[in-house]
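Shared chain: chain A. Partners: chain B in the first complex, chain C in the second.
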Partner chain A sequence: MTTLAQSKNDTVGRLLNPAGRRKRLLVLIRVIALAALTAVALATPGFLSLPSMLSMLTTMSFIGCVAIGMTFITLSGSLMSFALGATLSVTTVVFMASLPLGLAGALLVAFAFSALITALQGFVIGYMRANPIIVSLAAQALIYGFVTFATGGRGIYPEGGETDILKSNLGVIPGPLAAFLLTVLIGQFILSFTRLGRHIIMIGSNRRAAEAAGIEPWHAITAAYAFAGICTAVSAVLMAARYASGDMEHGLGCDYHAISAVLVGGTAIGGGEGSALRTLFGALIIAVVQGVLLLNGFSTQMQYLIVGIIVLAVIALQTLGERR
Partner chain B sequence: MSALTRWLASPSLRPFVLLAVVIVALVAFDGAQGRILNRAILFSVLQQFATLGPVALGLGLTMILREFDLSIGGVMSLAGCIAVMFGAGTPAFGIVLALAVGFAAGAAQGAIMVRLNLSSVGVTLGGLLTLGGMAYVITENKAIGYDRMDIAMQVNDPILGVFSLRSLVALGIFVVAALAIGWTRPGRDVRAVGSDRRSASVAGVDTGKIIIGIFAVSGTLTALAGALLSYSLAAASPVALADALVPAAAACIIGGVSLSGGKGTPLGIAGGVLVLCFLRSGLSAIGLPPYMHDIVTGGVLVVVALLDAEDLQRRLFALSNVSSRHA
Partner chain C sequence: MLQRVPTELKQGSDHRRTVLDVSGISKTFGAVAALDDVSLHLAAGEVRALCGENGAGKSTLVKILTGVYRPDSGTISVGGQPVTIDDTRHAQELGLAFVSQELSLCPHLSVLDNIWLGSIKVPLLHRRSQFRRQAREALERLGAAHIDLDTPAGTLTIGERQLVEIARMLTRDARVLILDEPSATLSDLEIERIFAALTALKKDGRSIIYITHRLAEVFQICDSVTVLRNGRSIGTHPIASLDRAALIEMMLGRSFEEMYPESSREAGEVALDVKDLVIPGKVTSFSVTVPKGEIVCIAGQVGSGAVDIINALAGLVYDASGTVVVNGRPMALGSAARALNHEIMLISGDRAEEGIFRRLSVFDNLVATRLSSYACGGVLDLGGLRRAARALAKQVGVDAGRLRSPADTLSGGNQQKLAFGRCLDRGPPGILVMNEPTRGIDVGARADIYAIMRKLCARGYAILMTSNDLEEVVGLADTVVTVYRGRQVNVHGRQSLSMHRIVADIGHPLESSTEVQA
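After this line comes the complex of A and B, so read on.
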């Protein structure tokens, strides 16, 4: 009850002081941008057809799961990881290679593997306070190196259809979308209702204060990375099943798409402010933009450029609300 | 052991200690077959230096300022594509255009950071996606060939046995940068802003101008490397040069640049670049597969990231305390 009252007071205070004016301007810009996007989307012929919607949402879901993991990394104050794409790729390979253990066994191996290699980075970053960007670049190089060593750079294409069940849908809802929404729910639950979630956000907003309050930052940071690894594994097994292969190509460029969704959703790059739901909206906005561009005959290249400009604009706008 | 750690941890000596270790290790591995210490290897090392050097220098200068330029992959691809597309008639025009685009991209990102008080990671991430997108759009996502084989030969022709036009340009840039950082007032200001921005600002340094300037330099140097590399390969594509970030960051931190700002010199960065180039040329010369280079680069990055980690001392101290109490 008290927190509700406090947050209400906060909002009132923010609206009254001068910084509140900037915040309102920011909200106004966001509302206008969203309204414009919705209008353009609705005016685009074919946008509302079920097949186009479902294919858009399915594509979004693969990146979306990684983006939820990235959200945890960003929130914990570790900026971003450049290794999640490589992790996704190597997890598709590990998953396909361990299929002889049976589907359940392979899933277990894939999730444990992805969580472990990502948590290891989190441990180094949280416990030693090593630089997160450098650690993730190192992890990326090591993953590519060791996988090429182990597989000779070839993908794995197993016979048989053990993974076909992962391609099934929940009624009209595509499987990947259901998995993504579930990941969002779990992520948001952790952030809103668990001690771990509160610790992650506290450490991200002010590490020193969190330490002064008696929190060991590395516990929460390692856990945040482990969760990012699990989210990435969700995407990896679904992708492996969809393309019936484990291949280092699957995760290419995925880091950038994921961090774009995180930032467009409004999670602060410096950490401490944001949520899994915001990332869901970020992923949705990017997916709608790409869908609209595609249906209006723009090339994939143009989509890259426009998404880039949107990310830049969102980052520039973010401070409008934060600056004093 | 502790003397070695201290040596490796000392940022000014680290690249050269590592360089010596790498060369000795490669020679030992080679087993007196003469595959390492010869003219061809030196030429190939310097050719790689010509590409990686300027990029690492640009990134390193932003790191000395306690910033980080993620956009280098985008600038490099875009500059390479622009040079190849517009430099067929007059090669110099292609280079100048590419440099202008790199300069503008860097300065614009710096200005956004300074004016809006934003972190460089966020802005340059947006810059990376935008510039990379531009490279895709202007090339329509295709590899572009460059019809001037004469130029490709010319920039790569050996000079004095081991140099080429490209590597001489890169070496010249490092000399200029070392003099500018070490001996001029703006150079001193850069170091001051990197080690303590507020004090520098109080002392009368225009920190905004320094930040915009360094990002413009980073963009220009990266564009130069991208344009010259594309000329020498006689081709450019929007994807080919996009993964410059890992080796450049590795070279910088091997070279003693600290992510906490204020530390590092162009000489050290040159040393870091040489370590990576010797590794790549040496490993392939003694017949090891290319993935070994990824593994070694990654391993070196991990080691240096740990050496630079802010809490390493505290954690090691705590560990040794615990173990001595148990003993």
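After this line comes the complex of A and C, so read on.
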């Protein structure tokens, strides 16, 4: 048993030490994975056609906006939220329901509403130090419960085309994609160039040290959640316009994909390390995987399975990278 | 190199089998060599003291023996068999048992359940009575027969819990017990009980590695002592061949004068005035005055409340109360942001937990406390921040070329310099409160940090710090306030300062209670 343990130790040790070699190994694995993905994508018939690309990127954009919001939550050291999907859904409903106020009014209401309900969660998590996962699960249940009670579970399908302007494109670039890229830019600007962004990252990196440096954690955490709400609202109004409806089904499964995009992009699950740009790449990778699977005729369940395996692999790589 | 223990150890049993043979162990973390070619040779029935300053490598050695870390090189033999310790469970199977300061009992489970918890000897289906009997025997062997097997472990005193933990190791046939400062949190009576238990174990032929800062205990119950300094083994000697002075010299290996800069100036006006500081459950009453340009040390054992006092003044303890006046302005406790507004800044020895942002860059760490002064409408002036960071790096002696490197690629000493840099030049000279500022830092960097501290004092900063390292306290402080179990024992000025008096104050305050000041 001793010899077995020893030989195992040696191989593992040679592979993982010293730290520099380990880092190179991780980079190598990532490069190989990306190359393999590109090869499969290029080999898939129909993948390179413009319509299929654009449809893939549009789908990605809805998830992507939520993922940028999720990035802020993860970076602040609050792991992840399972309530952003529900927030997206309820915001489509609120947006459509407030259309009588005019498009601008409805947009304002939708963004404010979404930011408010996520900021409330951020306050509970930051100020009262509640467990972020539990809070998000509770918020999700509350949102679904309340909306189902209020609307009887039916969606809202307004007449008229007031929201059609939100369906327009920027030349060849689909509107949602443009909105997503703008969200990425704003998110990255906040993280890199503002005090708030640095505070969020410092708190995620080491909450107690941030406190000792005179930063009030709950301010930044609440702000991070509010920003997540705003990002989610971007997705919500575009989706509502696209389907011309407000419905609790719109956000289903979107938490899961957003979390996947954040993790695959390489933002540290514990917080303090990551960026909006990384999440952009994460979202892209997941979109390509899904597009390839779809074009090859795999079912939605299969897509979940594959994305799940990818996320697991990424987390395993992250932990390997951190082990002493 | 292998160190041999002379055979003429006192009370030596006639047959000295080797139970543990560690030779040539090295371990580095990043750029820091935590252990460098360390050897340890332990005989059956031997009680070995492991001594050394903080950061000497004691805990790294223990973590290697208990399978938490793996050594980079070197060999370990248990009972003559060379082994590779895979993990903590494997260490237990080999008979290497660790009794930590932070006890690992489950407070809601009974003593009996705690003793057998996680033991590989308990099959799924078992007769409880048999395990009950063995647990009772183990406690009796330790002279702890009075402990009821059915009480929840959480209701026992700390000393009793330690005995239960030792009993747990006995039921697992531990051949070597490693105790990490068992006496630090115990009363005198409880310490005597532990000592009695250790003597019984020794008679049983079990070996003990006893880590302690208290030299008296080394001479009281140990057969031999191994001294580590800066990750190197300085030597192993039978206790009978040593006296206190020789042991201290082995541990320090240098004179005060080389290490500690002179206090250069007369004390200025009062910078910090604390009256009747109370922290429920930890500090009953504490008062101190810190003049500008002085270093005041709070000396006390683990659990004395010294660390809590520092944290409270930094605004990190929410239920602290008391009158605090900073540079003439009264300050309410309980908010770190408020403390920072009053120019009170914390430098912690627990760098990983509350000192630095390990994954963030050197730049981010240096400017962490001054983002607001470089923000316009929330948007940062990155150029200005970078210039500020370069200036700070230069002041504290960190290579400005490494501003972009993550902080945890720096050595412990350089990491601590970042924490100093963060506190400088935010405004007028303020008050630095420090908790073990040189913990885990090697001698060279320590001298640098002491020099920085004195330089700051000369510029009008005031320093209030606590340290377990009494040598540091005596060498550095202008004034020492001693505390014992949350209350103030004594105040010593530079003239009346001596290691002996501080040890007396923080260990047995009743003996010196005649000197207690109001």
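The rule is short, and it goes like this: the second predicted complex is superposed on the first by the 307 of 324 C-alpha atoms of A that agree within 3 Å, B and C clash if a C-alpha of one lies under 4 Å from a C-alpha of the other, contacts with A are read in each partner's own complex, and residues count from 1 in each chain.
The rule is simple: a contact is a pair of C-beta atoms (placed from the backbone, for glycine too) under 8 Å apart; a residue touches a chain by one contact, two chains touch by 3 or more.
Keep in mind that this is a model prediction, so the values were computed, not measured.
**Student:** Return first, second, both or neither, reflecting whether A:M96 touches chain B, chain C, both chains, or no partner chain.
**Tutor:** neither
**Student:** Would you sort A:A212 into first (chain B), second (chain C), both or neither based on which partner it touches?
**Tutor:** second
**Student:** Give the label of whichever partner, chain B or chain C, reaches more residues of chain A.
**Tutor:** Answer, by number of touched residues of chain A: B.
**Student:** Considering only touches as defined above, state whether A:I68 meets chain B (first), chain C (second), both or neither.
**Tutor:** neither
**Student:** Report for A:L196: first if it touches chain B alone, second if chain C alone, otherwise both or neither.
**Tutor:** In the superposition, A:L196 touches chain C alone.
**Student:** Of the partners chain B and chain C, which touch A:E273 in the superposed model: first, second, both, neither?
**Tutor:** second
**Student:** Should A:I259 be classified as contacting the first partner (chain B), the second (chain C), both, or neither?
**Tutor:** The answer is first: A:I259 touches chain B but not chain C.
**Student:** Okay, in this complex, where on chain B does chain A touch?
**Tutor:** So the residues of chain B in touch with chain A come to 68, 112, 116-119, 121-123, 125-134, 136-137, 139-141, 238, 245-246, 249-250, 253, 259, 289-299, 301-302, 304-306, 308-312, 315.
**Student:** Touching chain C in the complex: which residues of chain A?
**Tutor:** 2, 5-6, 9, 13, 19, 193-196, 198-199, 201-202, 205-206, 208-216, 268, 272-273, 324
**Student:** Which residues, counting only chain A, touch chain B once they are in their complex?
**Tutor:** Against chain B, the touching part of chain A is residues 79-80, 82, 124, 127-131, 133-135, 137-146, 148-149, 153, 256, 259-260, 263, 269-270, 299-302, 304-309, 311-316, 318-319, 323.
**Student:** Using the touch definition up top, name the residues of chain C that touch chain A in the complex.
**Tutor:** Residues in contact with chain A: 29-30, 69-70, 81-84, 86, 90, 314, 316, 336-337, 339-341, 346, 348, 353-360, 364, 368-369, 371-372, 375, 378-380, 382, 422.
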